[in-house]
Amino acid sequence: MKIITFLTDFGMKGGYVAQMKGVVSSITDSKLIDITHNITPHDVREGAFVLQNSVAYFPVGTVHVAVVDPGVGTSRRGIVVTTKSQILVGPDNGLLMPAAHFLGDFIVYEITNNKYMLNSISNTFHGRDIFSPVAAHIVNEVPFEEIGGRIYNFIDMDFGKGKITGRTATGKIIHIDRFGNIVTNIEGIRLRDFLDYGSKLMAFIGDKQQEISFVKSYSFVEKGQLLATIGSSNLMELGVNQGNAARELGVKPDDEIKILFY
Amino acid sequence: MKIITFLTDFGMKGGYVAQMKGVVSSITDSKLIDITHNITPHDVREGAFVLQNSVAYFPVGTVHVAVVDPGVGTSRRGIVVTTKSQILVGPDNGLLMPAAHFLGDFIVYEITNNKYMLNSISNTFHGRDIFSPVAAHIVNEVPFEEIGGRIYNFIDMDFGKGKITGRTATGKIIHIDRFGNIVTNIEGIRLRDFLDYGSKLMAFIGDKQQEISFVKSYSFVEKGQLLATIGSSNLMELGVNQGNAARELGVKPDDEIKILFY
Amino acid sequence: MKIITFLTDFGMKGGYVAQMKGVVSSITDSKLIDITHNITPHDVREGAFVLQNSVAYFPVGTVHVAVVDPGVGTSRRGIVVTTKSQILVGPDNGLLMPAAHFLGDFIVYEITNNKYMLNSISNTFHGRDIFSPVAAHIVNEVPFEEIGGRIYNFIDMDFGKGKITGRTATGKIIHIDRFGNIVTNIEGIRLRDFLDYGSKLMAFIGDKQQEISFVKSYSFVEKGQLLATIGSSNLMELGVNQGNAARELGVKPDDEIKILFY
């Protein structure tokens, strides 16, 4: 059975997510999986990060409906993004694009054919009225070209991948979690080729330079100490054991980061 | 595959919803969809509102189990409500009835046949012990008359539908959300036949009279200003941009409202 | 369709649960049911209690993945526990064992065969990388002996069952909920053979002795009064109406309790 996932900032209280699932289930029989409905309201970047982290684990053919959509009701477009293996449906505000870059070989279609939307379209809830029925019709194998034309001027967002050359890794900060832990786009699996747990690193972030221990997890350094580790997204993270690394280092998403291995 | 939905005030922490789903899955193979489990504890009216809003989007044959049940363990009855297209199961306390009125042509049966309940019935959890197994047996096409006899003296609750005559809409307040926004039973789709966004309305609520702008969404008026809009439930809502309309107007559910279009 | 359930302390925000479900769905087609993801972080005992309470209601063949796992990344083992009717997968820290004792006739296997894990195993997320794929392979009928060898020195946890002899019930406290209500391992269904609602009991807890009313539910005594009742888990609970019984009686999990019926 094909899978449709849902990622929103709606919370669960009002029944909005259920309305989306009802719409989908009226059109097709698929397995419905929640990614999360607790994205910080209107935080497109956070939604994009969680979506990108999740898609890797889903099977070929999964359709992801993502709705963090502060521009709903304005002229922002709705899009379908096809990739090598999975399909993304949502607003054209960058939300889908890190997942698209991650999945690879993507093509973006604007959703224009109202044959695949609900009859009555609200100004405030395109997740239910447009994105959910479009996703269900995709599961039913409606051709993408039927849904709308290909576009090239979509709003992009790309967390990218850090580079490791010789004894230097360079990348950027792509996410700061609610504890102030700093997630970079430097892949953990490649770091492990160069580094043993317990090694020291030199990190350059903004105008700061700081020696850091590379450890297996947060509790391997003293309380208050800075550390680098590989998080569950398989990305290098910087943190402070029981502290707030982002505040301490004064950094924010998109800041560049350089790491020297001794 | 048939769908069973769940709406409760149980929260997700204690595993109670899972117990209901386990019971259902022991009797029938159906698709299980959560409407919400975050209804304010014991708030039957809020549960009724969210249920009524959700049913419209589900396919024919869906069975909805709703449990906001402050009277559990007393003599309040359990009921099955059949309608034109979907089935409702829960306590006889009004919770199911706005959805029943909305879906139309409803018949109410009291649940009495303990053949369709769990063997051991707790005093505190009829959602698991009675309503879930009954819903599963309904999916298995047990006739309604087998479950119990038809009753006429059920506890009713009806949000009704506002009326639009000439240049006047009359209705009532059916829900006040946690931001103080006021949801009425006046249908938005009909308002749009009379009104352009940007028009002015005159609203009479209780003994107050107030001019209001009819706008596409909350952000189309200044902070602190009163507005009327069509919400995602396709109902006319009154709100204050970044403020609490219900408190400002001193209104409550069931208060009557009259709107004049100029 | 076979069922896989999920119980964790991950919350829903970060998409971790969805990653587990994506992994499972990449290996097998099963019905996925959440028990809860809101276990107090690292509270293995609370997780064990909710799991034990839930398993009774699931059909034969259900596979439960439970992850409350403060020892992840250390040398703690992963286990599969088969029982008379259902299967449990998770860390070897006691979490699964009360459910295993409840289900009966259990056998514990250590998970060692990396053929049934993800290719890349993180230090922090065995729920996704080991327990979920193992559960999916079990649904696909991989023999337990293929997953790993039988072990006998697993970490046990057993809530046990209280005893009723003559006019005395003895047992222990197995859970204190967030309201301070005290759940014992004395089965309610057996109490009802001895007691009518409204009877008085004499309770001995630690060095305290206290007369208590046995009532149908919390509201049957005055505010502030101690009561005994049968909760929805069908276990004897002690509570204070609108108060905190555990704090008042100064008790904690595993404390022994003795009840005399007059």
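Per-chain numbering from 1; labels A, B and C assigned in written order.
Please note the rule applied: contacts are C-beta pairs under 8 Å (C-beta built on N, C-alpha and C of every residue); 3 or more make two chains touch, one makes a residue touch a chain.
These numbers come from a predicted model, not from an experiment.
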item: Equivalent interface positions on subunit B and subunit C, same or different at half; value: different
item: Rotation, 0 to 180 degrees and nearest 5, that superposes subunit A on copy subunit B via CA atoms; value: 120
item: Separation of mean Cα positions, subunit C and subunit B [Å, integer]; value: 34
item: Subunit C: positions in contact with at least two other chains; value: none
item: Complex interface listing, subunit C residues touching subunit A; value: 11-23, 25-26, 29, 32, 73, 120, 122-125, 128
item: Subunit B to subunit A touching residues, read off their complex; value: 1, 3, 5, 7, 31, 33-39, 50-51, 53-54, 56-59, 62, 189, 216-217, 230-232, 234
